[in-house]
Amino acid sequence: MSEMWVNMGPQHPMTHGLWNLRVRIDGEMIVEVDPEMGYLHRGIEKISEDRHYNEVITLMDRTCYVAGMAWEHLYVMGAEKALGIVPPERAEWIRMLSEEFQRLASHIMWYAAFVQDLGLMSPFLYGMRDRDLILDLFQSYTGGRLTYEYMRVGGVRNDLPEGFPAQARQVLDWLEPRLVEYDRLCMGSEIFRRRCDGLGVLKANDCVRLGVTGPMLRSAGSKRDIRKDRPYSRYSQVEFDVATADSSDVTGRYLVRMEEMRQSIRILRQALDWLEHHPGPVLADRLPRWLGAPYAPMGREGYLLKRNYPKGVGLSAIEEPHGEACAYVVNEGGEHPYRVKFRSPVFANLSACSHYLVGYHIADIPPIMGSVDVCVGEVDR
Amino acid sequence: MEWNAEGVRAQLAAAGAPGILSVDPFDGAAARVRFSPESASALFPVLRDALGFTHLSTVGGIDWVERYEVFYLLWSDAAKRYLLLSADLDAKTPHIETASTVWPSANWHEREAWELVGIGFDHHPDLRHLLMPDGYSFHPLQRSFKLHEPEDLEVKVRHV
Amino acid sequence: MVTNDVSFVEIETLRSREFLPAAKEALGSMIKEQGESKLIRPVFNWAGRNSLFPLHWGLACCAIEFAAAFGARWDAERFGVVPRSSPRQCDLLIVNGTVTWKVAHKLIALYEQMPEPKWVIAMGNCATGGGPFRTAYSVVPGVDKLVPVDVYIAGCPPRPEALLDGILRLEALIRERGA
Amino acid sequence: MALTTLWDVAYFLASGLLYVVSRIIPPLSGVLSNGDLVWGLSALVFGAILLAASMINTIMLIWFERKMLGRFMDRRGAMHVGYAGLLQNFADGLKLFRKNTFKPRDADGLGFYAGPTAYMVTSLLMFGVLPVSTGWSDGSLPLSMLLALVIFSFAPLFIFISAWSSNNKYSLIGGMRSAAQMIAYEVPILLAVVAVVVISGSFDLNTIVSEQRNYWYWGPLFLAMIVFATGMLAEMERIPFDLPEAEAELVEGWNTEYGGMLFAYFMLADYVRALAGSILVVLLFLGGWTLPAYFPAALTSLPLAGIVVLMVKTYLVFGVFVWIRAALPRVRTDQLLRIGWMRMIPLSLASIVFAVFFVLVKCIPVLGCVPSMGG
């Protein structure tokens, strides 16, 4: 059979979202790939220019629907820098807690989707079951399962409910042995190892050259993690290790994400301990009214005119579950941000896909793309 | 080595970086470097090789009505610092030399910036639509492009 | 004996030329009649509403809740709802997310590829009317501009219970309206 | 007349029917007592009973799998249609029956319609060959096992025809994978069967089962059973060998373009093959309808009791297949072929050597020496 082009998407079980991977195959071997994006381009950056600062948070949840908290955190940090607002201490800890919970939920979701791509059916259900427990926690303090609208420029919307730390610890106690079980189901299976070892190799220097970050980069041995390198929020005050692997293949990415989940649990326990003993305000006072926060307390400064807030540019970067995410918020003194630009990790990871797909079998596409953890919402924005 | 505006300015001077207009301090990055767009192709290799900014995070454009701005966010693994590069382009035909020859990761970012903001990147290997359908002739992130409530439209579907 | 010969020939002619089409027509009309009859129709209606295979297609945020509905806690398979990856084998198109103009014609193509009878559920605000992206330049303000929608589910995104409720409402709709 | 075989039952029903008709319309009695007519009608009744039994069993098998998979995954499976979802698959089948049948514009008409139909028909033919209880299916063919395996190996041809004619790239890749896989696993299956033949001394499934009344073959031929069951997994295209339908990369594999009743044919035929494969495993290695000696003989002396024993064993074997499906990921094409050619064939050859050895010494290490050993 001669070479032929195969369209994998936009409706294809492999894509986990709305994109199209055009593959040229020779028999079962991949010769050339050409990803086609934009099926989910919703113009979030443009709509943000039409919204109040706090209203943009609504869009952030939908930008990456498996890591809403992380994107909220990214945006509010950028907006606070642009506006010159400092959130209270407790809010920073709650944000860190939320982001780590989100990382846990996102990685479990990734695990579920990834093993399903390999034909392993049961762990998908186990993953969804355990992820729901984390979503229940989110629901108890934000009211939402997926889209939270919880963080605010200048803090968070409301404090954690009574008895939250105990409830959260219960979930963490349940999750820890589950992670071992996940590992046994995958690494204990000979077929799984044979399907994943040596696939989708991308070495560390190639990763840097191509802008690939996150677990893909760390699986190649690099220790780059924004949480360690440029600690934001209160990451400098908690202990955790950066998970790395050496194999730079699908197995390596799997191991990195598994280890990251364990480290997240470690961070979460420390954050819960701190939050239990340090009550305080969670939203900065002296917030301008035009931020558009429905829950913002109306302080003395609430009626201040906007010219009292200087123009500015805010740059924030976080380690999102998928990798390095940046926000660039330009404040020109108006009620709306003048320009919001986001750097999505999956965008860069996907743009390099011809480097880690070509030369493998067509049956290797699902595990390799699964190990990239594609979230199309944040690629297309 | 100091990674503030002074240090960056000194290192740029030492490496002989061309076309530097100003180096200002910037919160969240080592510095904000403004350069003239004509010297882009000479400046980028210097930043990557002499200063060690091997990773390009993103490329973006801003429409300031009277001019365009293109900014690059770089990261150095050795210094663990970001560096913000920006250049002003003229409003008529904004264009600049591509960075994708120096940092291959710029490829898609530049495609996006061209598509949404309308900044042209010379010698880009593959400057075609990324997010919008082929043949889409607007640049949505320009200030002249206004959003509005959707009119009550009737979509005619031709069944084959 | 002449008459007998003639009748014989006539019968033979009928057999060879007209019997097959006539039988086909009679059989077809019988099936149609039976399909409309009071006895058969409820059975097919019952079968149709109790085995809705949705298309396995995730568009945006709602797709995550769509997947959660098939997880252990909600288990949509209890109602006979099993996602299939090929539109040829589906009865139900669940539009779970924002539809952009770029994907619109693919959505219509997928809808066209589904065999009759088929239904569409618009899940979430984006599919219903554009949601928070209503004003965006690239978003279709409501999927009912493209394909006929039977059930709308509100929410951004709707919870899995809401999706199950929507599916049960569709079942009630099929029961009432016939398939 | 003792109703000990299915043919007897069919003959009884047919002649009874004709008798009733001839009593109602006396002038016809001369015609209706024609021996050929009775024979033909009993053959029809025979086929109808077999078809109905195998279809109902197949549908129950699907239900069994869905419920069992649900339990493996911490959920309930189909619940709301009929008691515990028992009627779910009937609803699915009826719905697919009513669906619009269509042909994609560029598909090849003959192959598109004939492929699934032939696949379904040849799969159903299996049940004409497989014995299910003592003397139940009357005519005992001397080479029934070979016939069964030959019918089993028709499938890749029809799968490939339907995959090619549906003019879809996923289907084509799936069809080619399917053909390669089935051909690769035919060989170890046949070799494993040779080991059974060496011990039992017969190609007749009835004889093979009756030879197992003292001991089942899974003891001496454990290796052969593993090879055979693995090969059957590949022939049934179930996880971990479901590459032709690999959902993650090939959408639905070779049935991507099929909907409505043609898709139902594929679905049903897959499970018909799963049922037949499980029955074959039971017949060859797990003693068929026989039970160990410490069970009272009355339990298996009646044909119907034998059928029940066989079906219980079959469902247990299929349960193991479902368990495997819930626990293992899918292998890759090259790995699958490597397993087939480089692991399965040496193992099956080794099992033949073992079988020959056992026959020569007329002794089985675990079970002791058995006088009736060998053919």
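To keep things simple, chains are lettered A, B, C and D as they appear, and every chain counts its residues starting from 1.
The rule is short, and it goes like this: a contact is a pair of C-beta atoms (placed from the backbone, for glycine too) under 8 Å apart; a residue touches a chain by one contact, two chains touch by 3 or more.
Note that the structure is predicted; figures quoted are calculated from it, not measured.
When chain centres are defined as mean Cα coordinates, B lies farthest from chain C. Chain C and chain D, compared by their mean Cα positions, are separated by 33 Å. Distance between chain B and chain D, defined via averaged C-alpha coordinates, is recorded as 64 Å. Once the centre of each chain is set as its mean CA position, chain A and chain B turn out to be 24 Å apart. The mean-CA centres of chain A and chain C are about 36 angstrom from one another, to the nearest whole unit. Within chain D, the positions touching two or more other chains are listed as 73-75, 247, 251. Counting partner chains per residue, chain A shows two or more touched chains at residues 12-13, 38, 41, 43, 46-47, 50, 125-126, 129.
Annotation for chain B: residues touching 2 or more other chains are 131-133, 140, 145, 147.
Across the assembly, chains come into contact as A-B, A-C, A-D, B-C, C-D. Every residue of chain A that touches chain B in the complex is listed here, in rising order: 37-38, 41, 43, 45-47, 50, 81, 208-213, 222, 224, 229-230, 313-317, 324, 326, 328, 330, 338-339, 341, 343, 347-348, 350-352, 380.
On the chain A side of its complex with chain C, the touching residues are 10-13, 16-18, 38-44, 46-47, 50, 58-59, 61-62, 65-66, 109, 125-126, 128-129, 131-132, 145-147, 376-377. On chain B, the positions that touch chain C within their shared complex are 131-133, 138, 140, 145, 147-150, 153-155, 157, 159-160.
On the chain D side of its complex with chain C, the touching residues are 66, 70, 73-81, 85, 87-88, 90-95, 98-102, 247, 251-252, 255-260, 263. In the complex of the two chains, the chain A residues touching chain D come out as 1, 4, 6, 8, 12-14, 28, 115-122, 124-126, 129, 185, 189, 191-192, 194-195, 361-366.
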